[in-house]
């Protein structure tokens, strides 16, 4: 059995890709596949997973994939640099495929500039079908012919030609790198990862979803919803896994959370009222499961991994009007101790700290604050830029 | 009446924090802002829906105050029970508001019976409907508060229909018709107005209802940073209105009194509002014009109240 | 104090003595009297409680749940379709571990619709996480109201509690009831104390969702708590006996089962008739006995196995049928027998549906059938189909094929172990032949004229006699 584990953000088309791959791999007689998303309460922008299983016999096991032959990242901010997470998820002899312009030393990682390639052909960064092309080179069970057939059967007609071009181009780039193909970036380096950010944030990205008749390869079921629609999962195990991956890679999400049920400790970082825990409530099922009554405000996971962009406050331009604080849907902008002093200091001397600050552990990067600011004191910058600083 | 609330006077505590709502979620902003006005002694009840799904999934419990999930149809009934339970035990603090947050479907469809019952009993509760104009939690299906022309997954835009064929139910008027002590409409685009209505409601004994428009970028087809902007625009173009109803008990006026908090001399463009959202993409110019006519009729009625 | 009360009134007295702080209920026949009496008690100040006039059963239980979440003692009551309408909320209350006490007047479910008693409503909801008890008489109804709170609110239990009264047979039937004094009741039942409630000092979130990794623990704990209820019931009944002098027998009540060959298992008020019948058959030299199931949840599997260990035939009489299977009580009893490896033949008697009266003659026939079964062995089981029984396969000369299942094609779907009283219980020759339409002369479809049943007033009479009945289903 070939197992493929897809990592993406809700809205990037991970499940569509998982589905198309399954369709392609099971076109031949005697070929079987399963494709399914993870389910969970997180919403658009949150890290999510999807799964494809391919076999020459009917597949009875419908459980999630823990170890895969191919682990695919549609967003390189989800790939942890330490390698701990993906190495745990990769079978021996397996490959990691990542949408990135970065270079990776490890030969098992194949980097493809899928944002660049899809932007070139589709006009925006929808990276999912690039990886179908790549897999048709790397994986024997997936032929180019069947990938094209799957695209023709399961995508809207107006998308066929462009996505077929994407597949062909992706194949060429992977083939050009030789059969091993690890470590290097396939495709035009230097294309801004920014494109992905734009597509995830803008209304164009939204319109790309099939739900609104958009032209691109996103899938309705990836976006909102709870159990009825496929969603990124928030199982405590994979919260910790995903959180730690994001944390390690981005370096902005604070300490990683450990794996086992002891993830259920309160984050130390959580502001204000969360501090009312004198002692953390019991984590023993025999205790907590006796009622559905538990300490209010108990948090175990941060939301930083949702973000492709972050707001940065320019202390000199900030007037302390608090509109950003007021309108933040997540309450992640807070008044700093210097707020009062700042308000009094009409000249806003250089180097003074801003009267408000952003809690980057929980900011989802929506940008409402930047729009609410009437003094251009908030700028949204890509996470990659923030990390490079 | 307490002083007006604003960004400086509300509590610094974040009472709804760490939730898993979509980036730029309007509903979560409404809940957050209301709780910052009501303070930590508020007790919340939320039916199955977006805010409960993203708000408390054990062990990530994002309400810092007392909160409970309710059956989908039962928000108002659970509120009544909480309020009665506290009163019966003499345990209700002076500053405790028993407040419900339900979506448009949970309020105008499945929860309407329980809401009507609670208003009829005039239980001392505050019911806040965060209206994102469809069942967003389950992936954008039509509710009775989905406006004409909006594409949802159950009102698809195709050759024969361009989205939702029915008009948005006038829930504010339905609630007001009960003679409720206080009802109001609001928008998260005008957050201070909303917060002051929440504060006013909290100061009144008996049943209170606030209907706040809370855009959903995912379901409306707009950018995640546009939530607040678009919530402002829906008011400015006249497709939503900011109003208050004070029942006879509060206003002393038989039949109650309606106040339009905002009565624009001129509206901004309905077409611009509709065209910037993916959900209205299929509307023809003629249909856009009919929406505009509907707006004008609605305002003739509102101004006559 | 001795008083002549209906089951509804007796239960209302019990509720008054339990001092619930919040009552929310929707009027529905035949429990209407309960909520009327309680309203009067609240109005007169006899009972200090908040009474919420909800607009539906769904809201009734939802409001009770909200009140319970504040730590208040709560009560609600319903019946039949009303119980089914609140079914969704039953699981919320159980999962939230709210010790709400609810009275349910057992009544037929639609369609065809009527207002009379049977047990199809509550037995359909055994899986919803509530303790379920079935009263036999009005005294037990009153006493259960008090014991229900003591059991449900025990921190080891913390589970909602449904007290079932047979519609009309108990709810509207008057008999002498001893009503305890408030001081006695207060000494027996102290105020409700719990940590499972809102707290302004240390706020809590309640009734949240929990993903797959956690969900099972909540369900497991609820199951474990329910299993432990038997012990708490025994303790509470002992305290109750000490306080009021009335002793209750736990999950089941076994009557003359010690040496019985044929035992009838039943529940609710019909046990009174069955008991009389047992005495009669005993006098005639038959070794028969009766088990009255009091608690359906937790299910008394162990107690039944003990009581039925010596029986040669077991019958289950219930006012319920799960179409396409058998009576639900029967399924549960058979499971208990199987778990205890008791290979006793069993028969299911379905009666009393839609208020149908079960007569003494019918009850005698039930016992006669069981006596036959006890004397003649496993005939009904064999008549179920032509297939070899599992035990027969085991004795077959080809033990080399143990994996061979019982040939399913031979198992008859017609389960002759299920007997509908008044339908297929009598000698088939005695049954009037169903009207045969004359093919040459088509007859418009027309129901057969109703057979007057002297044992029961005609529905219209009862409706007149019982003002509440005119309210209909809700």
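We call the chains A, B and C, going by the order they appear; numbering starts again at 1 in every chain.
Methods note: a residue touches a chain if its C-beta (ideal position, glycine included) is under 8 Å from a C-beta of that chain, and two chains touch if they have at least 3 such contacts.
Given the structure is predicted, the values throughout are model-derived calculations rather than measurements.
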### Query
Which chain's C-alpha centroid is most distant from that of chain A?
C
### Message
By Cα centroids, which chain is closest to the centre of the whole protein?
### Response
B
### Message
Looking at chain pairs A-C and B-C, which one is connected by more C-beta pairs in contact?
### Response
B-C
#### Entry: Separation of mean Cα positions, chain B and chain A [Å, integer]
31
#### Entry: chain A-chain C separation of Cα centroids, rounded to whole Å
53
### Query
At what distance in angstrom does the C-alpha mean of chain C lie from that of chain B?
44
## Note on the structure
Two or more other chains are touched by the chain B residues 40, 53, 57-59, 61, 63-67
## Note on the structure
Expected list for chain A, residues touching two or more other chains, is 41, 234, 236, 276, 288, 292, 294-298
#### Entry: Of all residues in chain C, the ones touching two or more other chains
203-211, 214
### Query
Considering the complex alone, what residue numbers of chain A touch chain B?
41-46, 201-203, 206-207, 211-214, 220-221, 223-226, 228-229, 234, 236, 264, 270-274, 276, 283, 288, 292, 294-303, 306-307, 321-323, 325-331, 334-335, 362, 364-368, 370-372, 380
### Task
Write out the stretch or stretches of chain C touching chain A in their complex.
95-97, 158, 195-197, 202-214, 217-218, 220-221, 225
### Message
For a test of understanding, state which residues of chain C touch chain B in their complex under the given definition.
### Response
21-22, 24, 48-50, 52-56, 58-60, 62-72, 74, 88-89, 92, 198-200, 203-211, 214
### Task
Spell out the residues on chain A that touch chain C in their complex, using ranges where they run on.
40-41, 233-237, 276, 285-286, 288-298
### Summary
Note: in the complex, chain B contacts chain A through residues 7-8, 12-26, 28-29, 32-33, 40, 53-54, 57-67, 136-140, 151, 153, 157, 191-192, 216-219, 221-229, 276, 278-279, 281-282
